[in-house]
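The same chain A turns up in both complexes below, where it pairs with chain B and then with chain C.
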Partner chain A sequence: MAAPPPALPQLDLELRNIRKRYGGYTAVDGVSLQVPKGQFVCLLGPSGCGKTTTLRCVAGLEEPDAGDILIGGREVTRDPPWERDIAMMFQDFALFPHMSVAKQVGFGLEMQKKPRAEIARRVGEVLTAFEIDHLAERRPAQLSGGQKQRVALARAMITEPRILLLDEPIGALDYSLRETVMLELKSLQRRSGISFIWVTHDQNEAFSLGDLVVVMNHARIEQQGKPEEVLSRPRTAFVAGFIQGNNILRGKAAGAEAGLLRVDAPDGLFSVPLRGRPAPPRGSEVSFSVRAERLLESPGPEIGNRLSLRCNVVEYFGAYRRHVLEAKSGALVKYDQFGALPQSVSPGHLVSFGWKTEDGVLHA
Partner chain B sequence: MLGARGQRPRARLTMHWKTRSRLTSWLLGAVTIGFLLFQWLPMFTMFLLSFAGENGGTTFPMNGVSLHWYRKLWDADLFDDFKPPMLRSFLLALGCSATTVVLSVSAAQAMRGRFLGSGAYFYLLLLGLMAPGILVGFGFAILTRLLGIEGAWNTTAYVVHVSWALPFGFMTMLAVFNRFDPRLEEAALTLGANRITAFRRITWPIILPGVIGTALFGFSLSYDEYARTLFTAGSDGTLPLAIMAQLDRQLTPELYAIGTVTTVMSLVAIFLCTFAFWLRSRALRGRPTP
Partner chain C sequence: MSSIRPRSAAAYWLAIPAGLWMLAAVVLPTLLILWVSLWGGQSVSPHNPITFDNYTRFLSNANYRWLILETLGQTAMIMGITGVLGYCIAYFLTVKVTSPAWRTALFLAFVIPFWTSTLIRAIAFVPFLGVNGLLNQALLALGLIERPIQAFLYSRLGVSMAQVSLYTLLASGPVVYMLNSIPPALREAAMTLKATPFTVFRRIILPLTLPGIVIGQVLVFLNVLADFITVTTVGGNKLAFLGNLILLFYEGSQIRATAVVSVLLMAVMLAGVAVALRIVDIRKVGG
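Now for the complex of A and B:
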């Protein structure tokens, strides 16, 4: 047996090929991840994709069937939750209904057998820092959603764990609160240097918060990288489709030339940059994406990729105007027009569109 | 048939559905009150007759009003006859209650995670509800005799009583755990509590109201159990056995007085528990903010 690769002490978290099955259902299928010190990691994916199970494996609430989990370079795969250097925040906060705010914020320190005076002092500090000191004697039932969220966060952070695991931590909050809370959490993570592993199905959360975004689907990681990377270069058709504003076009590979793949699609022949990847064999099914704001209306002759589209619907979102267009083949294409431009395409219009070749992203 | 709804002739008596629904609720309320009377009136007749005069009998019409039978109960030998069985019944009920709590909480805790045969386990536990008491008691007596064990109120009867109260306690605790959010335990675990600490500090305080209910079941089911005790209590009987024996010998309003006293004791116990519940739920809601 080959020796396992040496643990990297500078990593807060390392997952090596984690697998977890429930009966005949595979929840996590070979997930590997490296989280350097003090990172904000977002696990993004639809419900049932395995992101929460992965998080629970890190917490020790689930035991993976195979693979290793290392926290701060130490192997903890079989360790119980209470022996791991983590804390967790649950979606509905899981506040203890029978404990006052002060009592449950101090719970973690109490478990560490800290002296009573120190617990009282630290709880006071943390409550002040989270601006909930006036709630110290309240019970969870007397708190608003935003207050509960702060209490849950204070309770998790007080022991200064190496990693904070957050399972849809702001999913239970009102929309109006979410943006503020997101900003606060981001700056809190920066200041504390604690790694956050944040599970969400909301791409806005993931891309605005994460240093590293991990997109999961069907128990596997589809793509991981910096937000800009994932946004601009979706690796698979799933990622492209999951991210808002991508148009996915499918066709057959029809030969490569000068770093460009020719794709024979029902609505035309398009060129897509290979970006150093080997060309797929001729005739194989391929897909690529073009972002909706990258489409060009009535393109000039220098634009090679073009197709004519009929406009179905125009929606105005304030920052941009979204057009839902239909190609001859029936494929739906979105075109987003940013800036306060006057509306130039109306429902019923048949308009020619195109895009610069470098805006096409070929999928694996 | 388009428009058929509109063409239907108007009913002579038109009544808004809300009005009808209010009438229905009055009717159901009347039935409920009737049921409650049906449940409590028999006991009330006993309460009344226990306050009969010196020459009062055990049936209506009531002959005078006095505390005579209570005084007699206090003074006379009859009460002395009843004291030991009462003490036995009380101790037996306490023991049954405590055991039922431990077993019910454990059994329901086990049912939280599915295991091989958990379905069979569930039905086997509930079978205790279906089994006719007199047969359970008799069968158990035969079994203990076969094994050469002398029956007694605090050994064989105790075991049978626990087997009777357990299904009730088990069902209660199942319902309690159904509403219990397991993430509370998980939160405690991720905060550094081991399993025992998490149970002690989080699970136990939250399920406590259900545990008190289970304890009440264990107590009251054992305290008035006759059929299962008859063959298993051995020579020293419990209160229900003593009362039945006395009923066989001679029926006087004294027995009504005993019944009233024990019922009042039960009601006081229930009242105290309810009060404790109320205090606790108020504590969970928290004190009203100034």
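Now for the complex of A and C:
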């Protein structure tokens, strides 16, 4: 057996081919990930996709069946949680109901056997920094959701871990609070230089917070990259469908020419850029996506990809207007209009649409 | 859900039937016993003057004072053993057994014996502990002893073994309930904050299950103090605690002495419950 590649010291976290099964159910199936120092990583996916299990493997709360976990270059795969350089924030905050806020926040330092005076001083500092010093003597039952969230965060951050693991950390908060909390957490991550691994099913959280977004489905990573990369170039039909505002079109490969794949779809013949990828064999099933805001209404003759669509519904979302359109084959297509443009397409209209060839994204 | 506010007229009306029943079945008989215990004079009669003579006579007897201490000692010992044993069983059932099917099976095996009456279970210990009993037969068969051990039955050892088996569930049940109400994430949160399993137990699990321990101990305390059945059947006539003394005086038609011991026993029980309430706020349990 070949020796494993040496650990890269500049990585906060490295996962090598992690697998975890429960009975006959595969929760994590070969997940590999590299997190450079001080990164904000978002694990995004539907419930049951394996994102939480992956996080729990990093925490040491689950032991993977195969694969290696390295934290700060040190192999920790079989180490218990209390020997890892991590802290974790739980979905429902998991505050200790019998401890005051001050006692709770100092718990991690107490476990590190720090002197009493130092614990008191640092708890004071952290409570002030998180603006919860007035709650020091309260019990968790006497706190609001937002206050609990701050206490949980303070309790985790005071230990100055290398990595903070966050399992749906704002899912339990009121909707109105979330945006503020997200901004605070992002700036906290930047200032502290601690890597955050944030598990969420909410794409808005993932794309607005993450330096790196990891989209998971069925126990595997579907795509990982910078938010703008994942948004503009969804690698698979799953990612394209999971991200709001993508139209997915399916057809058969019908030959490639000059870096473009011809796709024979029920509603027309379309050209999709291959972007350096080998062309799929002729006749194989392929899919590609076009973002809803990239559709062009009544396109000029220079636009090659075109189809006629009947408008079913028009919905208003404040910043944009969404049209749900239907093609001849019955396929539904979304068309988003941003800005204060006057409405030009109404329900019942049959309109010609198209898109620039470079706006098509071929899926693997 | 609740549409009846506390302290509303409807709440008081609803409490009346149970209140009347408690008055007739508990409060009045208790006051009656208290009254009888204070009857003075040579002959038994309600017309005699009220006096503490019965108490002073009872407590001036060194044998009876020793019996009170022995009863309390026996109760404390059974509380200690069932407390530790009950906690271990509760912890094992709720934390260590992870398969739901096994947990249900073990829990039923633990609980079903308690569906029979205390008297039957106490009597069942006679053929178990006797000279030719199951326990002796088993030990003989295993070659661990050469002749049957007499001391199992009609002895303090036998009574204690029976009481431990009878009352462990009472010590364990409330702890099972409290352990089940602790979210697993608390244990995990403590571990990610660098607490080792023993520290997690000492700092998180034990304090959060304390109300269950105290309630279980109160139940065992009250039951062992009141237990005369096990002591009679398994202890034979070699052993007596305060409960047996009540029966003894009653059968001897000494109703004033019967009342005195009853009142003393009740006072001890009330004191114990009062101490428990100072440790935990029972109203908060399950809230």
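Just so we're on the same page, the second predicted complex is superposed on the first by the 364 of 364 C-alpha atoms of A that agree within 3 Å, B and C clash if a C-alpha of one lies under 4 Å from a C-alpha of the other, contacts with A are read in each partner's own complex, and residues count from 1 in each chain.
Quick note on the criterion: a residue touches a chain if its C-beta (ideal position, glycine included) is under 8 Å from a C-beta of that chain, and two chains touch if they have at least 3 such contacts.
This structure is a prediction, so every number in the text was calculated from the model and none was measured.
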Chain A as common anchor, with chain B and chain C clashing or fitting: clash
Contacts of A:Arg19 with chain B and chain C, given as first, second, both or neither: neither
First, second, both or neither for A:Arg178, with chain B first and chain C second: neither
Which superposed partner A:Arg138 touches (first chain B, second chain C, both, neither): first
Partner chain(s) touched by A:Ala94 [first = chain B, second = chain C, both, neither]: both
Which superposed partner A:Arg250 touches (first chain B, second chain C, both, neither): neither
Touching partner for A:Lys186 - first (chain B), second (chain C), both, neither: neither
Contacts of A:Thr159 with chain B and chain C, given as first, second, both or neither: both
Shared contact residues on chain A - chain B and chain C: 59-61, 80-82, 84, 86-88, 90, 92, 94-98, 107-108, 111-112, 155-156, 159, 165
Interface residues, chain A side, partner chain B - complex: 59-61, 80-82, 84, 86-88, 90, 92, 94-98, 100, 107-108, 111-112, 137-139, 141-142, 155-156, 159, 165
Complex contact set, residues of chain B against chain A: 181, 183-184, 186-195, 197, 201-202, 205-206, 283-287, 289
Chain C contact footprint on chain A (complex, rising order): 59-61, 80-82, 84, 86-88, 90-92, 94-98, 107-108, 111-112, 155-156, 159, 165
Chain C - residues contacting chain A, complex: 183, 185-186, 188-196, 199, 203-204, 207-208
